[in-house]
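Got a structure here, written out as structure tokens. Questions coming.
Naming follows writing order (A, B and C), and every chain is counted from residue 1.
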Amino acid sequence: MSFQPVKFYQTGTYTVGNRLLAPDARSVQAGELRSNSINSGHRACQGCGEALGARYAIDAAMAESNNQLIAVNATGCLEVFSTPYPESSWQVPWIHSLFGNAPAVATGVAAAMKVKGKNNVRVVAQGGDGGTTDIGFGCLSGMFERNDDVLYICYDNEAYMNTGVQRSSATPPTARTATTMPVGPEPGNVFGQGKNVPEIAMAHGIPYVATATVADLRDLEYKVRKAMKMHGARYIQIFVPCPLGWGSASHDTIRLARLAKETGMFPVFEAEHGEVTGVLKIRNKQPIEDYLKPQKRFAHLFGKHAHPEMVAHLQAIADRNIRKYGLLDEEKAHG
Amino acid sequence: MANKPFAITLKPGTSLANLTGSWRSSRPVYLNRLPPCNNACPAGENIQGWLFHAESGDYEQAWRVLVRDNPLPSVMGRVCYHPCETSCNRGQLDEAVGINSVERFLGDEAIKRGWKFDAPAASTGKKVLVVGAGPSGLSAAYHLARMGHQVEIQEAGPLAGGMMRFGIPKYRLPRDVLDAEVQRILDLGVTLKLNTKVENIEQSMQLGAFDAAFLAVGAHIGKRAMIPAGDASHIVDAVSVLRSMEGEDKPMLGRKVVVYGGGNTAIDVARTVKRMGGEPLIVYRRTRDRAPAHDFEIEEALQEGVMIKWLSTIKQAEAGEITVERMELDDKGFPQPTGEFEKLEADSVVLALGQDVDLSLLQGVPGLDVKDGVVQVTPDMMTGFPGIFAGGDMVPSERTVTVGVGHGKKAARNIDAWLRGITYVPEPKHEIATFDKLNPWYYSDADKTVRPMLDIIRRQTSFDEVQGGLDETNALFEARRCLSCGNCFECDNCYGVCPDNAVIKLGPGKGFEFNYDYCKGCGICEAECPCGSIKMVPEDI
Amino acid sequence: MLKQIEGSKAVAEAIALCRPEVICAYPISPQTHIVEALGEMVKAGDLTPCEFINVESEFAAMSVAIGSSAAGARSYTATASQGLLFMVEAVYNAAGLGLPIVMTVANRAIGAPINIWNDHSDSLSQRDSGWMQLFAETNQEAVDLHIQAFKLAEELSMPIMVCMDGFILTHAFERVDIPTQEQVDGYLPPFDPRQMLDPAEPVSIGAMVGPEAFMEVKYLAHAKQMQALELIPQLAAEFKQQFGRDSGGLVRTYRADDAETMIVAMGSVLGTVKDTVDELREQGHKIGVLGIISYRPFPLKEVRAALVNCKRFVVLEKSLAVGMGGIVATDVRMAVSGTGLKGYTAIAGLGGRNITKASLHKLFLEAEQEQLPPVTFVDLDWDVVNKQLEREKQNRHSGPIAENILYDKGMSSSAKFG
């Protein structure tokens, strides 16, 4: 486990809070005075994982920076649902420029803070997977290699949701999107494509890279807070299910994030200077079907015209993640 | 904002003007569901409720919540067969919460710390006679006293406790524990008259000017079986054996003691015999899985060296030996004779075939309905005679200490109502917090704490208590294994997981409320509530 | 202080005197020497405090500048040609957000065919981006315009491109008077942003604006540039007071008082134009010059006033609106609309082609005689063009135009050896 589990307090390691924990051992989200960086009244869909992930992450960053934070936002759902004129949901200083330039804008903000001597003011950039792994990738890589003092957070919901669910380089194989329809002999997104941005980030040798999900709040907060303690370029990719784009029930957002991690489909780990330093172990390994079935984007894998071979391929990908990152404890791995 | 660029720059947090609650088609509501443990408790304890306080280490408060329903936690923590644990949802996760062990810890802690009950309510001026100082009578007396009634217990025996003293061996219930919990009840102002056998209830009530009576005389008469027996055979009943263990003169049973029966009493006798140096053999006509005794008791007895002969009936008893017939279960599970006989050594035979009730005190009371040797009572525990209530082993029941305590509480509430000229209406039960209502992911992995057991040699040779208790650290751990089924335990999950910040945290002990101005009705809070304390209900649209 | 200095270096020194706080650098000819010089100053500690950021693209350069400017830092970058086009999305965004970034555009042609030499196609392609564009005639003016640009940009909270002809100015060694730090400090106050990203006073910058307010936002940007029409001459006047030089302003005329023919141009070509006009004046031609310094905002009133008394004018421009003709000419014609003036458009110098005095002589005289067609392509090789047109008429698969032309002109290796 990449973060210390809370000493046995009933649920303390997994739930948001727990009345039995000392205040300083509680999560940021448990606090009555948490920043609520993104406030009520935003126009995200019901059960939006990104809205949740953003509040988790930015609140944690606010807590760690003593509320001295500036946020930069790429174009995308998060931007659109949070700042349609005349209302903003953000309670932190926030700027949106373009779809593909959030990392560079953040570099500029960080440079300004440095030159102004405001060393206590920290900079977070955030975007969806499209804005991060595709159109913003050049700027992201530039920000990484210069080791600019920016924490970049990618909210990964595995497609371009704002524009109507089109494939991105983070879309998993077989998934239905508007540009990878479930038709033809190989329905959905194809195998053998896509981009592992956390690993690419690691290849830049930047101080910190991590993945997290909205299902493991404490791990997420630990990673954001750890990243905020460091300087230089840092990258966290947070897995945020999208009920609209995935065709899942709005109440299943956290459950699906949990299943993505528990199946091994989304490995949760952290790395420093290009080396993996910790993984969040699978607690109770689940078959890939448990993760796929609640999502309509995978519906064509099951039912009358099922594609068991594609399900098996996805299972193999998950198993490979488990082996590669050591996601199972030894005894569980052999048990 | 007037000096900021028009439209492209916005004031922070202004989305509050956008009331997204209008999107909702169903709304979450907080509710309390009935935890299965509470539902299963014959004494009606609010188990989840007292565990809640134990979880935070506030043992005194936990004990106070516990004794609102049951004045005998230290006894309960030893002798209760804990149906709460059988129904505990945690059993489907790893192992049931050791409720019984935490209860014992709280009871023992109360004795150790000298905690007293809260003072009784203002006196009502009413007098209630309780007949019998067993679990049911003591329970009724306790509750009635706390309600402000004047209570007198009349007990035929020389000491209080009933079957807790005269039926349950010391190695399961040390007497100092029993004495302490009885004394605490008496400290409420309850009068206890020992060696006072009520011969005629109407008379006794008139004599003492009692406004009502609660009868809980128990079932102390051992049932006899028609066993052809020679003159020299030594046949006694289990109740007498156990009762005599409390007196000066220990029973003389010889070395080879056959105990006839398959209930808990048979086990108690056999284990008692073992401790006195005898060689007990239980003879039971059916199989282990069909025996009424609890399996853990059978297991403990076997560990201690008690022999058991399953599928056997005693056909004849002679001096020094008995003849048993091997039985076979038919396809309905009833034992049928086989005609195969066997002789076994037996210095004495102890019959543990159940007990009957001594109903002599009720003679002449009009309106009473006695069926199958027990007094029939209405659902509010009243006999056919107005003002006379009854409970415990003398009414139709499972005949456990816990059931008896539950009867006492229920009767007390009804007696109280009756005395006030009203009818007691119990609060409607909440729906049960079944396992499917929970999200067990959130609970930390934690195996049940195993209570220490006395080593086997001392179990075989002394009446020291077999099962040890928890200490403060592992009692706390065990309490914290509680899933708090159906009742918010302030884990902050709903507050955290709402993507719309539509949950308001009210502060410690105050719980949460939904902000329906912004709640979009996504249902994540319900799905991620560990304990099933949130429910989605459709909006009226 | 007078220095014999390369234009780029002079501009770099001027920028440094303006105390920029964030400089974004990405190499593209012919602006590279400017950021190189600035980089060296920052690295040496001569320009401090300043963050010099080697970005990975022009898109990032402008994006970093957006971030730093929004966070309250005086921000500068330089680009040209393809680079400017690569950052276009961010260029529009910077203007939309009202960020007073100053950017040097070392004007250069746009490919294909790729060409590194000077014309005005690049910055003129950003005519409607919301940026102001000031064109320098000389390196002295380039230096001076940058100093004025920061003040103007920050006063209005709008970005400015200072345009200087690539190579012709950037790489030319001329005598330039570099002001002192005291002079610049006396003219240019520290950056006091209209708004900025600040935890002490959070704002959300860059909202999504729908039809209900979008036009107003756009109008306000227009209004800002209208204000600039008043502010630019004012800042030029203040500049003169501080530095003792005429520099900047909206337009500048030369020997225009009694001119019957006026030549309108922007940038360094004005030097050649003036020389030619001097010669023609000596020959008795009533000819004068109107130099446009502020291309955006476009000074309609001043252009009209400068031309209204002549009989005809020629807009000599280093840009081409393909399919239409002149770009600057369109604006000039709009300025004189209703006057009945005869106007000619002369496209010259595309891709760095030399604009010679001889060609201008010929052009201006033809204009004076009103023998010019409405649009003239100065020094166009009609031979080559006609050959290619003929070739294409005959064969759909006639090959790449640029290579064909080189072949026709005998300049390609295949022409030499093939």
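Criterion: contacts are C-beta pairs under 8 Å (C-beta built on N, C-alpha and C of every residue); 3 or more make two chains touch, one makes a residue touch a chain.
Keep in mind that what you see is a predicted model, and the values were worked out from it rather than measured.
Asker: Work out per-chain C-alpha centres and flag the one nearest the whole-protein C-alpha centre.
Answerer: Ranked by how close its C-alpha centre lies to the overall one, first comes A.
Asker: Hey, which pair has more contacts between C-betas, A-B or B-C?
Answerer: A-B
Asker: Compute the distance, rounded to whole Å, between the mean C-alpha positions of chain A and chain C.
Answerer: Centres of chain A and chain C (C-alpha means) sit 44 Å apart.
Asker: CA centre of chain A versus CA centre of chain B: separation in Å?
Answerer: 49
Asker: Please tell me the distance, in whole Å, between the geometric centres of chain B and chain C computed from their C-alpha atoms.
Answerer: Between these chains, centre-to-centre, one finds 92 Å.
Asker: For chain C, write out the residues touching at least two other chains, lowest number first.
Answerer: 97, 202-207, 209, 213
Asker: Mind pulling the chain A residues that touch 2 or more other chains?
Answerer: 82-83, 85-86, 88, 90-92, 94
Asker: Name the residues of chain B that each touch 2 or more other chains.
Answerer: Counting only residues that touch two or more other chains, chain B contributes 7-8, 10-12.
Asker: Report the residues of chain C in contact with chain A in the complex, numbered from low to high.
Answerer: Interface residues on chain C, with respect to chain A: 21-22, 24, 49-51, 53-57, 59-60, 63-73, 75, 89-90, 93, 97, 197-199, 201-210, 212-213.
Asker: For chain C, which residues count as touching chain B in their complex?
Answerer: Chain C residues touching chain B: 96-98, 157, 194-195, 202-207, 209, 213-214, 216-217, 220.
Asker: Could you pull out which chain A residues touch chain C in their complex?
Answerer: 67-70, 72-73, 79-80, 82-86, 88, 90-98, 100-101, 104-117, 121, 138-139, 141-142, 145-146, 148
Asker: Which stretch or stretches of chain A touch chain B in the complex?
Answerer: These residues of chain A touch chain B: 5-6, 8-20, 26-27, 29-30, 32, 36, 39-44, 46-49, 51-52, 55, 82-83, 85-92, 94, 217, 243, 249-255, 258, 283.
Asker: Which residues, counting only chain B, touch chain A once they are in their complex?
Answerer: Going through chain B, the ones touching chain A are 7-8, 10-20, 23, 55-56, 441-446, 477, 480-482, 484, 489-493, 495-502, 505, 507-508, 515, 517-518, 520-524, 526-528, 530, 536.
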